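To keep things simple, chains are lettered A, B and C as they appear, and every chain counts its residues starting from 1.
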Amino acid sequence: MALLVALPFLPLFLWSFAGEWRFPDLLPAEWSLRGFRALAEPGSRVVEAALSSLLIGGAATVASVAVGLPAGVALGRYEFRLKGLVVFFVLLPILVPPLASTMGVHLTFIRLGLADTSLGVFLVHLVPTVPYTTIILASVFAERGVELEEAARTLGATPWRAFLHVTLPTAAPGVAVAALFAFLVSWSQYILTVLIGGGNVVTLPMLLFSAARGSDPVLTSVLALLFALPAVLALVVALRYLKPGEGDGEQEGFVGLGGKVS
Amino acid sequence: MSARLEIEGLTHSYGGDEPALSELTLSVEPGELVALLGPSGCGKTTALKVVAGLLSPTHGDVRIGGESVLGVPPERRGAAMVFQKSLLFPHMTVEGNVGFGLRMRGVPRGEARGRVERALKRVRIEGFAGRKPGALSGGQQQRVALARALVTEPRLLLLDEPLSALDANLREGMRELIKEVQREGDHTTVFVTHDQEEAVVLADRIALVTGGRLRMYDHPEAFYERPLSREIAEFFGATNFLRGQARNGCVETPLGTLRLEHPAPPGEVTLTIRPEAVRLEGGENSFSARVRGVTYLGTQVLYGLDVSGGVHLRAALPPHTRLAVGDEVTARLPAESLWALADGETTPG
Amino acid sequence: MDRRVKITLLLAPALLVVGVLFAGGLSAAVVQSLGYLPAIGMTEPNLDAYREVLGSRDFVDSLLLTVYVAGASTAISTVLAVLAALALRNSAGRLSAAVFQLPITIPHLVAAVGIALVVSQTGLGARLAAALGLIGEPSEFPALLYDRYSVGVILTYVWKEVPFIALVVLAALRGVAGELEEVARTLGANRWQRFWYVVFPTIAPGVVAASLIVFAFTFGAFEVPYLLGQTYPTILPVTAYNEYRSIDLSSRPAAMAINVLIALITALFAAAYLRLGRGLGRG
């Protein structure tokens, strides 16, 4: 089973270090670091695109955690009328592809001068990231309950201080999972960036896409590995430090919606 | 249908340093109810799962009705188990749950229906057959789980803390029901619990297990009257311990020489006596003492007594005795209630 | 503070983001699909775009292809995932868990590129076939990319989604389904009876819910078919995108109409998923 999981990575690794590799050889005849050198070449735009991806992903992460945290508290902690409807509404962008809404919003973005800008791209990335942070954090707060915070209140903490000093620290692993997710979702976006960025905002997946449509498997493979790197790091962090196997909430968060990071 | 259960030299290790269970040997007579008693993590549930076949032992043997069942999978051991959580199948009705074991054995539907009805009647759940488990209370769910285990007429009934998830007020009723059903059906039963009161009330014999080992296996009253060690005595609520030197069947203690009815082994011993056995009267084994504390418990009063030589004792007396702190009294330790623990030398004190 | 005000304030930022950028965008898409685009002089709302789209052969072909790709990916992933979960349930290894979760976090694009390099006519698979003497020329290897059956697309989805469904199933198997199975064992159920009467009914709602998510996702996803799919017909999101990019602005309403239809279909699956989820919570 591990072999099947690893299978697509095998050609990516081999091609990344291949010099010459003709059909039908099973292994490259020559090895080279050409692909990696190409990344660093001034004309390659890879560094620039990676920075752009990082910047937009970082901003989307911070913003969607900031937006998702209060909403997660509301949904995780309180029962209220129309709650089911709110959950449905917030989850909708995960299940209904944001392609349609992005095309719809495009005209308005052009009018507001947001089209073809990183700011505009950042804004449409929030459409798929905010639902993830909200739902993950809602499950985190639902699981934590209010007892600890109530205990803090009886010891003289104001509601705000109780939240800040008691609730937030205990929810930290959940917040970290939500942040990782938001980053990965933004990092993986292709079509939303293309639609709103209009070719002006170049991120890594766009370079990977054009490489994949071209005829250089070496460059494609190197880009693909670079593009996959944060996902691997995120998984290592999540498994090592956040113990998703134990807390059900985190596991739900990581697994329950995880299939849809694209 | 009930059978004798024999467990011999049973050891089970989950792979850690200490085995969860080591060298457990005991036998349960047909129709007998044995409580496996011990603190949580002592290995008692492990033992039950090994008997059921859900775990295989590292060493040792399990025999049901005289035959080793080591190679026999759980589904063919005829050992039905009731768990701490009711674990009813959520997608089946009460009837479907109780009839499950019969269906697995291919019992014809008409016969199965009658047996399910009778089983539900035995646990006093009637009129719920068509409901889903989610619509039942915790107590009702646990009764259905019991009926589900009973309906197959198992050779062994294994109960794993079936009362611990219930509210205190339901526990007693369920305890009575289990005892009644078990007697009626003459089921050979192993009952795992950490609650010594539960074990005492229910069991014909209690097997006390701590740290994966069997410490004592006897009738409930023996744990009060003739405990094998100070640890066991303490587990059963004993608080009075007196060090002494045994000589000619009597024991020299700081309170004077006490006579015992049960012979004491010569040498250093620790005497124990239950608080409710201490008398406030003169006679054999009596001495003067002074009241240092009074705790009113409703059905009795617990007195702390200071005796000469820095010895403290506790006496539980009927609630009508009215003594105050500082009162001088004469106390007596009846010879038939004193018990000498052989491990006196290992507990300095 | 009044409880209702407090809840409203807490929810406000998230509702604003989803309301403006998603619901607002979707509403704009609906308006534009009705042919209302003042910027290019279209001001008469009508249903022409829907008539045109629903009546066209292209759309029907696209829809059929989309249903096929999403359906096949979901069905294959679900079956493999249940089998994988049953096989993995007793191995508690940390490493295997990590390896198994890897496809979940890897971007679809990376998976697509990797799969393409395995199954293309000069890929690893073809090279292996050549080494075994099965083929001589790359063209003798079956075309699995840009093909009628979307094999490359489906393989990529299967690779990505099997672990996702399997982990949902695994969580259920290691939790209550495992306990219920033990009960069934002590009540005399053999292996097959346990699976059929106890384990399968217990995990089924979770499996169905996960499959619904996968179906909705593969129905509306763009990248993988855009990269590995054939040029005609294309799956619906790609068709919509192609219409949208067309220089002829009058095809905008048609693009939007396709978008609205995709949104409607996936929203139906979303509603089914949430309904099921709530039912689970109650049970």
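Keep in mind that, in the parts below, a residue touches a chain if its C-beta (ideal position, glycine included) is under 8 Å from a C-beta of that chain, and two chains touch if they have at least 3 such contacts.
Since this is a predicted model, take the numbers as computed values, not measurements.
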item: Number of hops, subunit B to subunit C, where each hop joins two touching chains; value: 1
item: Pair of chains with maximal C-beta contact number; value: A-C
item: Between subunit A and subunit B, centroid-to-centroid distance (C-alpha), Å; value: 55
item: Subunit A and subunit C, separation of their C-alpha mean positions in angstrom; value: 17
item: Shared interface positions of subunit A, touching two or more other chains; value: none
item: Touching residues on subunit C, where the partner in the complex is subunit A; value: 3-4, 7, 9-15, 17-19, 21-32, 39, 84, 87-88, 94, 96-118, 122-124, 126-128, 130-131, 138, 159-161, 163-165, 167-168, 171, 210, 213-214, 216-217, 219-223, 226-227, 237, 240-241, 244, 255-256, 259-260, 262-263, 266-267, 269-271, 273-274, 278
item: Touching residues (chain side subunit A, partner subunit C) in the complex; value: 1-2, 4-12, 15, 23-26, 66-68, 70-71, 73-75, 78, 80, 84, 86-93, 95-105, 107-108, 123-124, 126-127, 130-131, 134, 184, 187-188, 190-191, 205, 208-209, 212-213, 217, 220-221, 224-225, 227-228, 231-232, 234-236, 239, 245, 251, 254-262
item: Subunit C-touching residues of subunit B, taken from the complex the two chains share; value: 52-54, 73-81, 83, 85, 87, 89-91, 100-101, 103-105, 134, 148-149, 152, 158
item: Residues on subunit C engaged by subunit B in the complex (per definition of touch); value: 176, 179-180, 182-190, 193, 197-198, 201-202, 282-283
